[in-house]
Structures are given as C-alpha cells and as structure tokens.
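Labels A, B and C are assigned to the chains in the order they are written; within every chain, residues are numbered from 1.
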Amino acid sequence: MDKTVNQKAWFLVLPVLLLVAFSAVIPLMTVVNYSVQDTFGNNQFFWAGLEWFEEMLASERMWDALQRQAIFSAIILAIEVPLGILVALNMPKRGIWVSVCLVLMSLPLLIPWNVVGTIWQIFGRVDIGLLGHTLAALGIDYNYTQNAGDAWVTLIVMDVWHWTSLVALLAYAGLQSIPDAYYQAAKIDQASRWAVFRYIELPKMTGVLMIAILLRFMDSFMIYTEPFVVTGGGPGNATTFLSIDLVKMALGQFDLGPAAAFSIMYFLVILLISWVFYTVMVNLDKREGK
Amino acid sequence: MADLTAARGTTRSFALPRINVVMVLYLVFLLLPIYWLVNMSFKTNDEILGAFSLWPQSPTLANYATILTDASWYMGYVNSLIYVVMNTVLSIAVALPAAYAFSRYSFLGDKHLFFWLLTNRMAPPAVFALPFFQLYSSVGLFDTHIAVALAHCLFNVPLAVWILEGFMRGVPKEIDETAYIDGYSFGRFFVKIFMPLIASGVGVAAFFCFMFSWVELLLSRTLTSVDAKPIAATMTRTVSASGLDWGVLAAAGVLTIVPGALVIYFVRNYIAKGFALGRV
Amino acid sequence: MAKITLDNLAHSYLARPASEADFALKELNHVWGDGEAYALLGASGCGKSTLLNIISGLLRPSQGRILFNDQDVTDQATAARNIAQVFQFPVVYDTMTVRDNLAFPLRNRGAQPAYIAERVQTIARMIGMEAELGRKARGLTADAKQKISLGRGMVREDVNALLFDEPLTVIDPHMKWELRTQLKALHHEFGHTMIYVTHDQTEALTFADKVVVMHDGRVVQMGTPQELFERPEHTFVGYFIGSPGMNLLDAEVSGTKAVVQGVEIPLGADYARPTGRVQIGVRPEFVRLTAGAEGLPVTVRRIEDVGRHKIIRCELAGVQINAIAAEGALISPDMTRVTFDPAAINVYADDWRVTPKSQAQEAA
C-alpha cells in the first residue's frame, strides 16, 4: 500500500515513544552505566571502561551458559516447529471440535510460567508425580534433580508442552487463509498429499511460521522462570541458562558491573539473531506483496 | 424428494467425527499434567504423600477453602488481575494511534522506529529486573500495581503495535479517505468507523497483552513486596515457607489457570479468524 | 470428451431442506451434448457455481445422478472424473516456475517427459507466456497468474470436460477479449465439451453455442443466443439478456389481442386466455416511436446516443418503456406514441412464456 508522507504522524507515535522510553531507555541507560563502572560499596563508583566486558568475554561461565542456551533453543525449535505444523494439519476442519481443540490447545499458553514449572515439577516427581511414578514403575531410572540428562529431557518436554500450541495456532491460521479453490485445483490436478503440503500449504504458512520461529527463538532464549522452578539451574550448572545465570549474578551475588556487561552482550546476541530473522521476514513480505 | 434428502442428511449429521490420532495424542499430552494438578488439588496432603492414586480417594475442598478464606492468598489474584487489566488497557490505548501511524503514513525514521520498538520485545526481562527495581524505587512506585503494569508495557506495547499494524494494513485506505470526504473528524472516524473494522485485531492484541502480562513472574515479583504482590509470587514464597503443602500449592495453581481459560473461551472465535488476518 | 447428463439433479446446502426454497439448485434434467460449448449465465447466487461444482465433483448433489457418457459418476471423486477446471481467482503454485505449473497435471498422471515438454510449449505459446516459462509464478500479475491457470486447465488433451468458473473476472478488459477469442479457437480446434460460468451476458453470448440461463436455483432457459433473444422463456431471461432488457407490460390477453392501459395491441399469434399475472414482453429493438394516432401514448424522458444506435427512454403510467432507434433516425417532439412489431411480442403468465395455440398444436 502506498503510504502518504506525513511528519505529523509522529504525534500519533509519541505516546508509545514516551512510554517505552520510560520503561526501556532509562533502565537500559542504568545498565550501560553499571557496565562501565566499578564499586567498592557506599555508592562510590569508579570508571572501569571496558574491563567488565573483557572479563565476561574471558569468563568460561558465560560461554558455558551461552552454549547451553543455544543448544536448548535449537532443540526446542527443532521439535516444536514440525510438531506444531503436524498438529495444525490435523486440526478438525469445522464444527464444534474446532473450538474445543483451540481452547484446549491454548490452555498451556495462559498458565503463569512459574505454575508451568510447578506443574512439571510435581508431574515429574518420582514419589507423587504421574510421570515420575510411571517411569519408576516401568523400571526406568529417572530423577531430574540428580541426573543432568533427565533434567534436560524434563525441561525440553516441558517447553514442548508449554509452547507447541503457539506454533500450531499460527500454522493453523496460515492454513485457514488458503482458499478452498487451491485444494480443489489440486484434486483436479491429481496432486499427491505430499505435493499439496509442499506446494500449497507450506508456501502459505511461511509467513506465520517465520513469526512463530522468531517468537519461539526470542522467548526460549530468555527462558527463566520455568527451569528456575523445576531445576533451579541444576543439577550443578547443567540447566543454568543465560537468564538464570544473570539473575544469580545480579540479584544473588550483586555483581553489578559484570552482570550489566553480561546483560548488554546478552541483549545484543538476541538482537543480532532477531534482526536476521526480521530482515528475512520483511524480504519475504515484499516478495509476497509483489 | 424431500424425504429422500432428509434421510440422507440425517445419516450424515449423525456420522461420528473421524477420530484423529495425532490430535487426540497431542491433547492427551497437553491435558495429563493439568489433570494431575487438578487431581492433587482435591487431595489432602497426607493422601498426596501416601498411597499413589490416579484420582482423589476422599475428595476434599479444604485446599480451595484455605486459599479463598486467606486474604494473603486471594489478594494475590486480585493484585494480578488489577495490573494485568491496567497493562492491557494501557498497551492497547497507546498502541492504537501508533499502529495507525505506522500503517498509514510514512515519516522520518519510521522504519527504524518500528524495528527499535520490536527490539524491546526481544529484551530479556532478566536484564531489566534490577534497573526497574531501582527506577521504580526512586520515583516511589515500588510495590504498586501501576509499576508492574508499566514494566510489562516493555514487551506488550511493541507486540500490540505489531499486531494492530498488521490488521490495519488489511483495511483499505480508501475507507479513511471516504470518511474524511464525508466530513468525519479524525477522532470520530477512528472510533465510529475504523475501530469496528479492526475489532478482531484489538481482540487478538488484547488477548496477547493479557496473556504475557498474566504469565510473567520475574518482573512482577521484583517490583512488588506486599501491597501488589501477584499470585504467582505468593505461590513461590509459600512453597519455600511451608515447603510441603502440595495440596494448597496445586489448588493455587489450578486457580491461576481459571482466568486464562475464561479469556480463551471468550476469544475462541477470534483465535482462528484473528490470527490469520493480522500477521500474528 | 463426454456427453453430460444431469438426471433429476438437485442440491441443498442444508442437512434437511424443508421446502423448495432451501434448495440452492432445484431439480433439473438435462443432457449436454458432447463437444459443445455451454455458458451458464445468471446473477450471483443463482446456483450456477453450485451446478458447476456438482459437475466437477467438488460437491455431492443431495439428490439425483450425474452421468458422463452414460456412466454414473455421482459418487466418483474429482480426480477420477478427468475434468479440468479454471477458477474465478488465479490458483497457481507460487513456489513453482511457470513451466512446472503447466506441467504439474501431466506429471501427476505420469506422462512422458518429451510429451510434457512439447505440450507445455504449445500451451505457453497459446497463452503468450513462452518468455516467462522459467520464472517463479510468485510475483507475477493477477492477469499472468490467471493465464497460467487457464493454461493448466487446457494442458491435458483427453479431458472429459473443461469447466470455467468466471475465469476472466480479474483480467484486464482488452485481455478478456483476446483470451475469450483464444478459448473459442481452442474449442473449434479440439472440440472439448466446455462449460463456462459467467454473469456477463456478452461473455456468455459470444463464447457459447448454447447458453443456460439460471435464476433462483433453476434453469429458466437453455438455448442458442438467438433463441434467448427472440423467445425468452421467462421474464428473467427477457430483462437479463439484452441491453436494455425486454420491456414488460401488464396486459389483458385474449386471443390475438392484448389490452394495455386501455389500448388494444395486436399480437402475432393466438394465445387464448392465459391466467395468472399476464404480461406482454417486447424487446426495445422492436419498439417504434411514432407520430401517428396508433399505439400506446408515452412521455419521452430521455434519449441516449450510444454510438451505433439511440436508446429512447419513455414512460407509460409509471412503467418505463425503452425503444431503440437507428443512429440516423430523426426524433421529433410530436412523436408521442409507441407501436410494437406484433411478431416480436411474447406473452407471459406468471413469468413463464405462454406458447401460442398454433405452435402448441404443432408440438402436439
């Protein structure tokens, strides 16, 4: 759509600008401020330059957390996106079952994140949880508080449980936007089920799937509450992701300088990857819009 | 003729829906953990820790009674709902004009501004927890509902702008122009004509704002202590204090699912239609 | 290629239709000849798309049978019926090239690569897209995409029937004419049975051998363009076809005379005494404005010069009567009456044409 050039439009954007400036820019400045200073207590601060950044870049702890984080995000994306598409393709076509499925599927999305953690913490416990109990009864040695592998599996299954519906809902929305004529034409052309998916459904879902991947990437990269409740980052540091590490550092140990430097780099990594996604998406949009 | 068709129609409408294995398995996977929570909420602590059972042997409402009669529990729900509603209203109110500007006009720095807004959706709350705490303490807003509502605007406003912009782009510009020619002022046009056209977009945006504000814990816990403490934080503290009162914890958890379930029920028709129209 | 028989066919979108009004398509029996070009013409919502979808197998009729070459295909799936269909809006596979789009229906049926290549080339030439064959279909204009859809519909030579569902809606006017001409040429060349749904009478009349006019879920007339023009079987056909449509006047008819507003009008045949709401219909082409003392007294409201002829808009007691006069015809203010060509007058009772006695006897 051709847009009119109108500088007065800035006035319409102004409220958002002020609000976001208050809730984003000022705190961000505080963080930047901390990241370049050192303190010996008593609110006395010294200029520390890029010292904290250098320290953090050299710290194995951050690199380990980053690595764990990257692996976690990659795994859950690799499971949730195909599974979400599969679920969307299997949605009922019409009638009351559509509403029923939509409501039930959305349910995990609206559960407070710590309650999600609590649900899985309980569900996985060997003594009182259905999952843990069943696994134990089957003779499988499962204990997410002791075994790092079990902890990882628990967190991944939990995230799949929590968020696959978002991908499925978006994919379903993409499928809904396909006019019937496409399916009819495919029938007349004797297209196979795979061809229908590959040449009709997948192309129409690309846009929404990019959004789903972007959202899932960002949110999984920032995950804090759920693993914190279930494993607390343990056993050891096995499930200490970036946000958990950061909160430990900032609020637990009150290492403001390193924490701030950490924060900024953390933010930049997300920004960089998201920017790549965003650029790809905008280009896709342009191609769609001719 | 009428008889024949009626007969055929009857057999058709009574035909059982084809049972879809994938969907059924997925729903079972989703509902089992929730069922387990509900199951536990009707058990006494002794029963939970005692013999393992798939459903309550002697169902009790005691856990719910504990929560609904204790102000320190139920005020948590009230606090949460207050700041979530405040945040949703605030986010939509400021996002509407901004989304309109982005969808209709081109102005200096619009693309950069739009991307910058989106970057805030990408900011890890953990990064902002401490600065928020200091900022709101220094302006005397610590432990107020508005503090949490404002803090959640950080990620909800960009999202709302994004969703609404998508919906508004789908409304032809000719509608605006026709309305102006017909002598509508901007304000009247926006409320009377434009808003009804993007109603489902507002619904979807509000749904997302509600959802992300309702489920967030890190910021809301950091910014409150007593007066505005959200239910989620109340739960975590009770766990550490009384440690093993699983029944009450489960009941509290079930009660946090209820508002979300109600919201979904009301927007269920928008979920399908709404998602597709906008980009989210 | 096939003869298509519609046997006792009707369809309702409701599970249990209570009355006739619930039927989107009311009971019909027709045989459509092999290798002929038909146009289904009607206003939107008249049931023409429903009928098309029943023929293509996308919709199962709630009653009756459909036969291709005397073989019952009512319960056959779309793919098995071996038909091709072009939709109102372009349906192309965006991520494929134009070539792959055209080749898709052939490849799915396991045709030989050499044959496919040759066929795609032929079709591309026909739709004028040889240059774009290697391009992705995404990003082409709606025009171009619809041409691909048409091409995909025509790529198979052995189809039983080619169905078009208002295929030229999104096409530019000048391209419309060109594509329609190509379709017609194609029909002459290969002799496919073609069914073309449209609401545009020009498209229908220029494309088809036989036009099927539908109104309110019913086929009101099936005939050549000339038959539709001269002997509309239903008042709807009268005013839907023609520009402007047929003039309809309430009248009392007895024998070879009609009386309109107290004025006697001679008819071309004996119609006996039809009952119900009786009207006479006469096309503007057969209405003459005169200065004589004969005919109906009218008030001339407006004269429109549309190039090849003039349209004279008159009024008689609140009812509009249109007349068409030759381009050079002189119209003077003292011309205050209209006369009709008796042979061109049709008589309608409750909207259906009344057959004159003489023809009824011939038929019997």
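Methods note: contacts are C-beta pairs under 8 Å (C-beta built on N, C-alpha and C of every residue); 3 or more make two chains touch, one makes a residue touch a chain.
Keep in mind that what you see is a predicted model, and the values were worked out from it rather than measured.
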Per CA centroids, the chain at the heart of the structure shown is B
Relative to chain C, largest Cα-centroid distance belongs to chain A
Whole-angstrom distance, CA centroid of chain A to CA centroid of chain C, is 57
The distance between the C-alpha centres of chain A and chain B, rounded to whole Å, is 16
Per the C-alpha centroid definition, the whole-Å distance linking chain B and chain C comes out as 53
Each of the following residues of chain C touches two or more other chains, namely none
Residues of chain B that touch two or more other chains sit at none
Residues in chain A with touches to at least two other chains are numbered none
Given the complex, residues on chain A that touch chain B span 1, 3-10, 12-13, 15-17, 19-20, 22-24, 26-28, 30-31, 83, 86-87, 90-92, 95, 97-99, 101-116, 118-120, 122-123, 127-131, 133, 161, 164-165, 169-170, 172-174, 176-177, 207-208, 211, 215, 218, 221-222, 224-225, 229, 242-243, 246-247, 250-251, 256, 259, 263-264, 266-267, 270-271, 274-275, 278
Given the complex, residues on chain B that touch chain A span 17, 20, 22-23, 26-27, 29-34, 36-37, 40, 48-49, 52, 54, 90, 93-95, 97-98, 100-102, 104-108, 110, 113, 115, 117-132, 134-135, 150-151, 153-154, 157-158, 161, 169, 173, 211, 214-218, 222, 231-232, 235-236, 239, 246, 249-250, 253, 256-257, 259-261, 263-265, 268-269, 271-273, 275-276, 279-280
So, in the complex, the side of chain A touching chain C is made of residues 179, 181-182, 184-185, 187-192, 195, 199-200, 203, 287-288, 290
So, in the complex, the side of chain C touching chain A is made of residues 56, 58, 77-79, 83-85, 87-89, 91, 93-96, 104-105, 108-109, 138-141, 149, 152
